[in-house]
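The following blocks contain the structures, represented as structure tokens.
Both of the next two complexes hold subunit A, though its partner changes from subunit B to subunit C.
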Partner chain A sequence: MATVTSSPAPPTSNQPGYYVNYSTRVDKVGLRPRIATMVRAIIAVIIAFIMLIPVFWMGLTAFKSRPDAVSVPPTLLFQPTLEGFVSLLTDRRQLTAAELQEYQARDDLNWADELTLLRGQVIIGQSQFPRQLLNSLIISAASTFFSVTFGVLAAYAFSRFQIPGKDDLLFFILSQRMLPAVVVTIPIFLMYKEIGLHDTHFGMILLYTSFNLSFSVWLLKGFIDEIPREYEEAALVDGYTRLQAFRKVVLPQAVTGIAATTVFALIFSWNEYAFALMLTSNNARTAPPSIPEVLGTGGIEWAAIAAGSLAFLIPVVIVTFALRKHLLRGVTFGAIRKG
Partner chain B sequence: MATIELKQVEKKFAESFAVQPLDLTINDGEFVVFLGPSGCGKTTTLRMISGLEAVTTGNIYLDGRDVTWLHPSDRDIAFVFQFFALYSHMTARQNIAFPLQAQSESRDQITKKVADVAKMLKIDHILDQKPGSLSGGDQQRVALARALVRRPAAFLMDEPLGALDAEFRESMRAEIKQLHIRQEATTVYVTHDQIEAMAMGDRIVIMSKAIVQQVGTPSDVYHNPSNLFVARFIGSPGMNLLEGQYVDGRVMLAGGSTFSIPNAYNVALNQALNDTGGKVIVGFRPEAVRVGDSGEIAAHVYADDLHGGYSMLHFELDDGVIVHGRVGRDSHHTIGTGLQFGVDPAMVRFFHPVTEQAIQPNGVHA
Partner chain C sequence: MSTTSSTTAQVVNNRTAVARRQMSDAAITRLFILPTIILLIVMNIFPLIYSLFLSFTEYSVIANAPPVWVGLENYVDILTDTRFWHHFAVTGRYALASVALQTVVGFGLAMLLRNKFKGSPLITTLILVPMMLSPIVVAKFWELIFSPSYGIFNYLIGFTGINPNTAWLGDSTLALWAVVIVDVWMWSPFVMLLVLAGLSAIPEYLYEAASIDRASGWFQFRRITLPQVMPLLLIAVLFRTIEAFKQFDLVSGLTGGGPGDATQTVSIRLYQLAFGDFDTGKASALAYIVLVVIIAVSNLYIRALNRAREG
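Our next item is the complex of A and B:
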């Protein structure tokens, strides 16, 4: 006995005819959700802005002249200069008044020479920084590669095979991270001195690999645990060996985890300061302990430090950006249905 | 195609049996269904046949060849998984070609075989899609194609329809059966769904608690369950099971009604029930129930559900036991009214109350 009333009761979800709009098309989304989306976006932008202020400031400082860098109140608008980069990449000598006049009279100077001359200095050679940045690249890339490669193999074994004392082994691996790393710097320094690993690339790669390995085993085990065994089992039944199945089936599925682990391992070894300071000097010195070295004697070279930090930031940003698609979880998980 | 032979195959996980010693021969081209509740050992058995799980003791023969300790890839069998196990980073075509690549066949051969099997399963049009964009039914067809493409000696299927929606399940059931008939492939199929088992199996192996309860044709396990577990497990609802007292050719039910039993059972019951003092469990299927005034058992109507083609009538006996009877859809009964019913003598079965085993009539040996 349905009677038409002027205000029908709102439909509830279990009534037929109830319609929920799940569409994400802009022209179908109501005004209110659109405002909500905008508000969320604005909040995200504000948070991102707050987070990025130090980086932004560092970028600005890198292009400031010495007086601009230390001026109070800080300047936002200034005449950009490459002074910071020049002091980062060169070694310089202070000139006497007589020398200065002599140099100023010369006309064979390039722009960098002119720039240093303004500060009464002359460029006497290339600084160590490019080489140290290269050291950083070699050591981080190699240690990341090894810790992820060994990590993924160990994690697969821990995830899939019955290993005697598996839990104890896993705990042992985890316990490698329990001691604050700084505690062992002196013993490792002495050891490295003794066995000739001090200030070598190999020594640093070995150290960072062993630091990252425990972390990468645990992280990757989590990812591999989530890949259903059926994938490999299907490959095994279909005529593949265990290693082939691992390479063709497990690895592609674990790409997300491998990417995440790579970024973490890379950032750790790229940023590591304490060990690098203790264990390297000329040959294998990495970038982090060298940036403070540009502090210099004639006052703090803020522009040079900022320029060094900026250069130091770029490789990690590139890698993280290249892998960002995989860092979002769940992209590759598709065709196994969980009933 | 091949025969599969299990000899005293058993599997233990940390001292407890996953599969008790099991003997079974699966004939060439036969479709055998392992049926049982979850955790009964049916999937473990299937995985032992495939080699994905090692046996604890016992031997497995494929076409007479002892494969007990062979790697799965050396057994020439195909496995279809419940959740399809399609590789999401490959297209359907690449998924199907995957087993052939392991055998390093020529590219032309692979292309031809994939096309053939895709045509057979009617999935030609989706070959270039990734599994993630396919419906459940199509995903399972691709998984079947991947199994079929290699023409293995035997197919092992682990609840292949379990992850499908009900509407797909029915049609895929027919498709798999049809494939089996065309391929004449020895197939071992695991399910917990008795309808699937009854519809598809040449023979059904019913397992419970790591033990094989009965091996027989669908009709056999339905009409002649070998024990109380099978009687309850097969059929929906399962067999009516009433406690009774056997006295001289008649059985008195707990509620007081008595009914006469077929002659063929007299001697057997006399012998078997010596140690129980005549206590027996009487079993009959709902379709053995005959409602009518000539019936020997009194009851009243408890519920009456129309199932479309027939009605399922539930009676309550005097002692509160509910009996299910299948009656014509035109018979109507008011709930609460008393009535009489009988049981078709040819369809009555008896079980020992202690051992729970079926008591076979004279001249029949289990």
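Our next item is the complex of A and C:
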């Protein structure tokens, strides 16, 4: 009993796809190749900079006032303001000239009121956005939890046991991800209308769970395939039942894979737009379909849209950095691995 | 387990344990894949069968009338409608242009980042950021960037002498290219990521041997780099082709299919048919046509994928 197992993971060099460079190329030592690498590095940095301009621009716009956001020519230097965030989070009403004077005379206003007053508006309540962000959070978290839980179980079964028609089944599971959202949505929409799941959190969680499940089964199967069977077999010989071996041997070894899958599933459901657009209207509406709808009176409130986008993107950017070692694997459904 | 005192008892105990374990292996398999299978049946198979039925009927989800069987009429209507072919042509043009450009740009980026330099992991991750973002949010801030009067896109290309008042999203030929630009911006990093993985797997001795034989850089690229990276590049291309074919979020956010129907991809048309006109029967038929095309393409993809897994 005592011999089982928290033995360390095998050295990564045993894994497929890991290459050790034992040689040094002669031609890399010279001056010319070094300059070539430097030139390439400089070009790469410039390209990365150019590629990030749109994101950077959106970040700037979030802190611009309404005239600054649409100024011609575009301005880089401006007085930063939280106007966009206030517009995003509140509902406002235009004031008449008389009301405006009355409000300006008051001294019990907080900074947000002052800010909207500059535009001749008054805050009349909270906007839908915080609630939609919360919906996004609830639906992504719950669906991720279920899809990863079911995914681990199915992935383990697919990895270790004989299942009749296994390859067809796996292909079928993956094929769910290949279909355009609209194709899947039409029948789901009808079904949800029929059984009253339209525009409910439960309905969205159910849909995202099944949507992410195909991804998590494939990704997790890849991770579990890499755990040597010998570990479990040793545990079974020592008297563990299959379930105990799964829980105490396989799961701890698969922790990295489970974590990566979790984060990917979170991002997918967090970013998802098409299903949410078609299957929610008010009650369970998530943030992505709402961001384009942040329209102000008289023209698009770019600062508010940018503020909403920023609030929405920051978690994803952070997570991208946290995930960088697993990105390749994640975006290819576990098909391609690197050591 | 070792608490049993007599050896015979232990043997018997072990035997039943083995029997129990073997029985439970099959049971565990069933138990473990059950939730997945049930979800698939409820959320995918049943709805698909239902919409197959609806595709042969005239039905609107907002009308209070039951579906009326019309046979193949919906399919005939769609396939003989010239507009339908227009949507497929738009989708095809879009997929072709964006995947081709992504392949070139992604490959170029990968070649740039191939040799490690100080800070290259950071640069690589930064370049990868766009593909992780929500497409609809991306579409929204590119709409601001593309704005004809105050967008920075026109402002920046104004320096090159191109007419700086171009309405990228309002022009019927440019709108599709605008969407392609955004798609390339977003997904070239994906191709780069896969090509980088392929490049890192090329054994160094191939290049050494080529250098000894005084092979030119171009020759090395054509005869070593390209063939070695090809399997992964192929996967990237197939992946992107399927995604481009499905494209909905970006187009919906940038142009909504307009101006006119210049950027109306199949997905956008399907959405309008199903949730704008509420012509549910016809939408189901179109959905099935798309389904068949996608399955054909993804079959190709799976095959390539399996080859890459084995290789």
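Everything below uses one rule, namely that the second predicted complex is superposed on the first by the 260 of 339 C-alpha atoms of A that agree within 3 Å, B and C clash if a C-alpha of one lies under 4 Å from a C-alpha of the other, contacts with A are read in each partner's own complex, and residues count from 1 in each chain.
The rule is short, and it goes like this: a contact is a pair of C-beta atoms (placed from the backbone, for glycine too) under 8 Å apart; a residue touches a chain by one contact, two chains touch by 3 or more.
Please read these numbers as outputs of a predicted model, since none were measured by experiment.
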First (subunit B), second (subunit C), both or neither touched by A:312: second
Touched partner set for A:236, first subunit B, second subunit C, both or neither: both
Comparing the two partners subunit B and subunit C, which touches a greater set of residues in subunit A: C
Which superposed partner A:227 touches (first subunit B, second subunit C, both, neither): neither
Partner chain(s) touched by A:252 [first = subunit B, second = subunit C, both, neither]: first
First, second, both or neither for A:278, with subunit B first and subunit C second: second
Set of subunit A residues, in rising order, touched by both subunit B and subunit C: 236, 239, 241, 332, 335-336, 338
Residues of subunit B that touch subunit A when the two form their complex: 50-52, 71-73, 75, 77-79, 81-89, 98-99, 102-103, 130-132, 136, 139, 146, 150, 162-163
In the complex with subunit C, residue positions of subunit A that touch it: 1, 17, 19, 21, 23, 25-27, 37-38, 40-41, 43-45, 47-48, 51-55, 57-58, 61, 69-74, 150-151, 153-154, 156-158, 161, 163, 171-176, 178-191, 193, 206-207, 209-210, 213, 217, 236, 239, 241-243, 246, 267, 270-274, 277-278, 288-289, 291-292, 302, 305-306, 309, 312-313, 316-317, 319-321, 324, 327-328, 331-332, 335-336, 338
Interfacial residue positions of subunit A with respect to subunit B in the complex: 228, 230-231, 233-241, 244, 248-249, 252-253, 332-339
Contact set on subunit C toward subunit A in their complex: 1-2, 17, 20-21, 24-26, 28-29, 31-33, 35-36, 39-40, 42-44, 46-48, 50-51, 54, 61, 109, 111-113, 115, 117-121, 123-142, 144-145, 147, 149-152, 155, 185, 189-190, 193-194, 197, 200-201, 203-205, 207-208, 211, 232, 235, 239, 242, 245-246, 248-249, 252-253, 266-267, 270-271, 274-275, 280, 283-284, 287, 290-291, 294-295, 297-298, 301-302, 305, 308-309
